[in-house]
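Below you'll find the structures, each written out as structure tokens.
First chain A sits with chain B, and in the next complex the same chain sits with chain C.
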Partner chain A sequence: MSAVESEGVVLGDLEQAELPVASTRGRGSLVRGVAQRSAGLLFAFCLLLFMVGPLVWLGLRAFSGLWDFPQLLPSDWTLQGWRTVFDDKNLSHSMALSFEFAPIVTVASAAICLPAAYAFSRYRFPGRRVLLISIFATNAFPKIGLYIAMAGVFYSLNLMGTFMGVVIVQLIGTLVFMTWIPTAAFSAIPRSLEEAARDVGAGPLRVFFRVTFPLAAPGILVAMILSFLAAFDEATGTFLVGLPNYVTMPTEMYTLVLNYPEQVGAVFSILLAIPSVVLMTLARKHVMGGRLAEGFQIR
Partner chain B sequence: MTDTATDAGLRIQRVSKDLGGRTIVSDLDLDVAHGELTCLLGPSGCGKTTTLRMIGGFIYPDRGRILIDGQDVSGLSPERRPTAMVFQNYALWPHMTVFKNVAFGLRLRKLPKREVAERVEKMLDLVGLSHHVHSFPARISGGEQQRVALARALVLEPKVLLLDEPLSNLDAKLRVRVREEIREIQQRIGITTVFVTHDQDEALSISDRIAVMSGGKVEQYADARTLYREPETTFVAGFVGAMNFYAGKAVPGGLELEGGVVVPCDELSTGASGDYDVGVRPEDVQVSPDGDGAEAEIVREVPRGHFKELVLRAGPNEIRAFVPAELATVDRARIGFARALLYRDGALQRAGAPALI
Partner chain C sequence: MRRRELRERVQGLLMVLPPIGVIAVFIGFPLGAAIAYTLGKTGGPNSVVSLIAQRQHVAHHGVTIDAYREMLSNPTVREDLWATVWITLVTLVVVVAASWAIALYLRLSNTWLARAVSSLSVVPLFIPVVIASYSIFVFWGPDGLFRTIAFRIGFHGFPSLGYTLTCVLLGEIWVNIPFGVLMMSSGLNGVPDALIEAGRDSGASMPRVVRSILWPMNVIPTVIVATFTGIYVLGSFTVPYLTGPTQPNMLGPTMSNFFASFNQPQQAEVLAMIVFVLAIGIGAIYVWANVRASKRAGQIS
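Presenting the complex of A and B:
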């Protein structure tokens, strides 16, 4: 997505660059104009390289055999990296585990946070703001401190190295998305729409499922996608709580970087990025529609 | 009052509501007869919308009772009341088509599909929207959305129809047309209706009776003509229609206003002499170039189409008069009052039992 945007900037600059040439201006200003535009172009290109470069390298590396420094392209192409990943029991197991944790965490997060989001949006209760801010605040502190504190609690509750423990630790990172975005989505629905449904004979539950929920669904979808990705990409907490029983893809990366050839890391990175790319593409309409941008405005 | 009480479709008895430490509605009484259209008219904050929402069940009264066809509904939630509301912003469900919006309530009642379709189509036909059955609310105009909201309310055949400023989101021309449509439909199906508005034109033109509200109370509850001819309080007199107000004294042959100006008056609401607050409708001010009226100078002339408004000055008193547009322009004139209403402590003073004609 960012690549597309950067290209847009570059093209826009090119088109604009041609206009002043046609106009009758002084030589000095012409030179200055060209210089300015070249600088802009260069900057845009650097930005593009900075953002897309590593991805391109990753893509190439995943399929390359020998690739020595001065060469621009690998001299040897191979699928060895992919074979290693899919043949290695540990790696494929961690992949399966990741795809097991992320949906469970997302659903659990939704079950916990959506009712809370509805309450935040529809009721004015004491401590409402404090609670909202405190959910946000979990993201404000360095996570590692939080996880260490949690580890202490988890030891006494025998949650270390358990499935439940990992779910809880991943859940923490999803709370802010699952609460704030749906709260904004619910708040955006005029109360009169719900009242009108009551008026024609629907009970409170039916009103929620037939009117409120469908209207808030796009916001909730965005929240679920972000939560899924947050859970899927969570490494530190999972590493701390899950080891040695539960090693997910992101935690596997730690070992991978140290113990395997570079290609395997590249392959694994691409695999790790696939859910993000797929989900973001699917949710593009809603994310781009400004819902996410508006998402954090809660009165 | 007794005859309306017996066949009242809707009765509100001594209802009060406090919100946020403020009394919004206090000891309100109101009877609406079967098939009658009553307007709640008043400035913003007078409690008219709160009253309507209490009838609909969206707020519960702190004290008092609300009866529909003799049945106490005060404690019932909106879905259990035989009322249907048209909201100010229409409150159409944007994710449902026009058909589904109207059909929603019927489907909840588990009616057979055929019957639902028939009733929805009949209702959309009634409001003239048959061609928009499968459109989404966002795709149709404001006036059409308004009619969908009306159809959605009426399709359930409620006992009481509630309208919360349903025309305020329409432009002026459309407003007049839609209000006539609403009145026509209301009369055709003969449904008891409560209509909230702050627009006196709207209230005067479509209601059987109008309840003018102020400070959570009904100031006067009467038909449009009575309300205009005999406003019971100075508030109603000032709120409904234009009115000249003076501090004055009833003297033989007329009224003495400030500065010792004596204006002859043909008809006073009471014959008793004394000090009053005097209200005179601009159309009851008689302006003639000569005669025995009080002397006044014309300050300003405002054309209003088929008539013109004159602003006159008699001593310290400013007098607004509506006169025929063809009246010749003069600098000085003689004025008299055809009819004046006398108030004391805000209440209309009458000349005994028979009211003004």
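Presenting the complex of A and C:
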């Protein structure tokens, strides 16, 4: 606490020194500036601890051998956990399975939703707004309740414990991304561009593939990334519908944390987080670009 | 011209049919079937699940609310319901307050520190919920950082939060903060600098500017954060399952237990319906706030 505060004082002074205007404001605002700076630093430190602390604390375990309770750091370091994960048939099988489901779900979702996104953006038809909102409304169901209701009917549809059943459960979570983001991407393309291409003699398909699609591609790519991640990280629905035949990486975590040593759980967590971290970093600009709020406004 | 219009209508409807169809068949239909099942209708789409179900309440004619009566009078379920409600409310309040604070900090002070705070707050976006839950359990649990530090400085009574509702609450807050911060930031960024400066120039204090300018212009994002956080927490399974106690816990794990472990799908679906009703209550506020805002903006009358 004191270390953070004193750092705050130092930085506060520096800032005051750099800004000549500040000196005219008198001692009161200087003290207030220092206090605000320290409060900001303290807040940032607490947030760092709360947000990143758990990840670091778990990450360390992936490389630790013996780590007895009151030790702040492991007493010896090893890669044994990694060997266990890669040698274990169950664990490596679930990894392969995850990389099977997520691409299939993403492609299926694109095939189902992209034509719809184009239609939502380009055609006028009755019920357009209501249908678009109803797709969004799938977000407004508490997930676990939805999965329980789905699972009940899946018995009759012969989907319980099947590959298809898992694909459908994961697909549900991707529909909103795959419809809303590409709809916005198509709508952002000026119609005049397409009309110009048509004027010089291009047919509708040629216009779509040479003009519309390339311009909408970044938005579609973001939608595919987010859908891939939604499917890859989906645990609850897969747990209810897929067990015991299909255990993907996230569902494996449910049992793994109870049956394996902590090191193995930590290694598995790091492996499971890699696709998320990499792909989210790629899609970061879009997600954090400030367009998020617009999608949630009913218009 | 009229033919082209007609073709556009038909083509548009045909193209949006696939996702709508998927939603109708795999969300709409199961919901309808679940409502019927919880009211004692075991035929049709519920016939297979009712073959394996234990302790079913069957309505031979009309409907029966016995399943609801059973669940709502079950003392452990009532404890779980209560836990779900308070964790949802506390998460919602904390997330709204924290994301307001962080977004406001970033809006008003564009220093490296403010930017660092806002990047820290979106870290959970990059982490799958399963890992988040597990790492939060390890961090606050028996071998956690705070317990270790407390023990080393001689305070041996520091509690382990692993498998407690407090740990569930910490997890829900952790998971939901990024959405709140992103939403609030994009809302507050929509407020023009000129407005804030005008307020300051006419002598308003900073708290006054926040109250009279920023708050009224950021009501809708606040409502969106509150409703979607609420609905997300109500429907969460992973966080309470991995970090919470066996009993009482949130309704997510309870539902899954009734469905898979106790072989009582009807009871599980009753709990799902109860959660839906809670969510509809929250969702109504969202729709109401949106409609009110559009009215004020003159978009609908």
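One rule holds in what follows: the second predicted complex is superposed on the first by the 250 of 299 C-alpha atoms of A that agree within 3 Å, B and C clash if a C-alpha of one lies under 4 Å from a C-alpha of the other, contacts with A are read in each partner's own complex, and residues count from 1 in each chain.
Operating definition for what follows: contacts are C-beta pairs under 8 Å (C-beta built on N, C-alpha and C of every residue); 3 or more make two chains touch, one makes a residue touch a chain.
Model, not experiment: these values are computed from the prediction.
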{"item": "Chain A as common anchor, with chain B and chain C clashing or fitting", "value": "fit"}
{"item": "Inter-centroid angle chain B-chain A-chain C after superposition on A [Cα, multiple of 10°]", "value": "100"}
{"item": "Touching partner for A:Phe120 - first (chain B), second (chain C), both, neither", "value": "second"}
{"item": "Which of chain B and chain C A:Glu195 touches, first, second, both or neither", "value": "first"}
{"item": "First (chain B), second (chain C), both or neither touched by A:Thr236", "value": "second"}
{"item": "Between chain B and chain C, more extensive residue contact with chain A", "value": "C"}
{"item": "First, second, both or neither for A:Met224, with chain B first and chain C second", "value": "neither"}
{"item": "First (chain B), second (chain C), both or neither touched by A:Ala216", "value": "neither"}
{"item": "Chain B and chain C, minimum CA distance [Å, superposed model]", "value": "5"}
{"item": "Doubly contacted residues of chain A, that is, touched by chain B and again by chain C", "value": "none"}
{"item": "Chain C-facing residues of chain A, complex", "value": "37, 40-41, 43-44, 47-48, 50-55, 57-58, 61, 67, 69-72, 111-113, 115-116, 118-120, 122-128, 131, 134-135, 138-146, 148-157, 168, 171-172, 175, 178-179, 232-233, 235-236, 239-240, 243, 250, 253-254, 257, 262, 265, 269, 272-273, 276-277, 280-281, 287-288, 290-293, 296-299"}
{"item": "Parts of chain B lying in touch with chain A, wherever the complex brings them together", "value": "56-58, 77-79, 83-85, 87-89, 91-95, 104-105, 108-109, 152-153, 156"}
{"item": "Complex contacts: residues of chain A adjacent to chain B", "value": "190, 192-193, 195-203, 206, 210-211, 214-215"}
{"item": "Touching residues (chain side chain C, partner chain A) in the complex", "value": "5, 8-13, 15-20, 22-23, 26-27, 29-31, 33-34, 37, 44-49, 52, 102, 105, 109, 111, 113-114, 116-117, 120-132, 134-140, 142-145, 148-149, 151-152, 174, 177, 182-183, 185-187, 189-190, 220-221, 224, 228, 231-232, 234-238, 241-242, 251-252, 255-256, 259-260, 265, 268-269, 271-273, 275-276, 278-279, 283, 286-287, 290-291, 294, 299"}
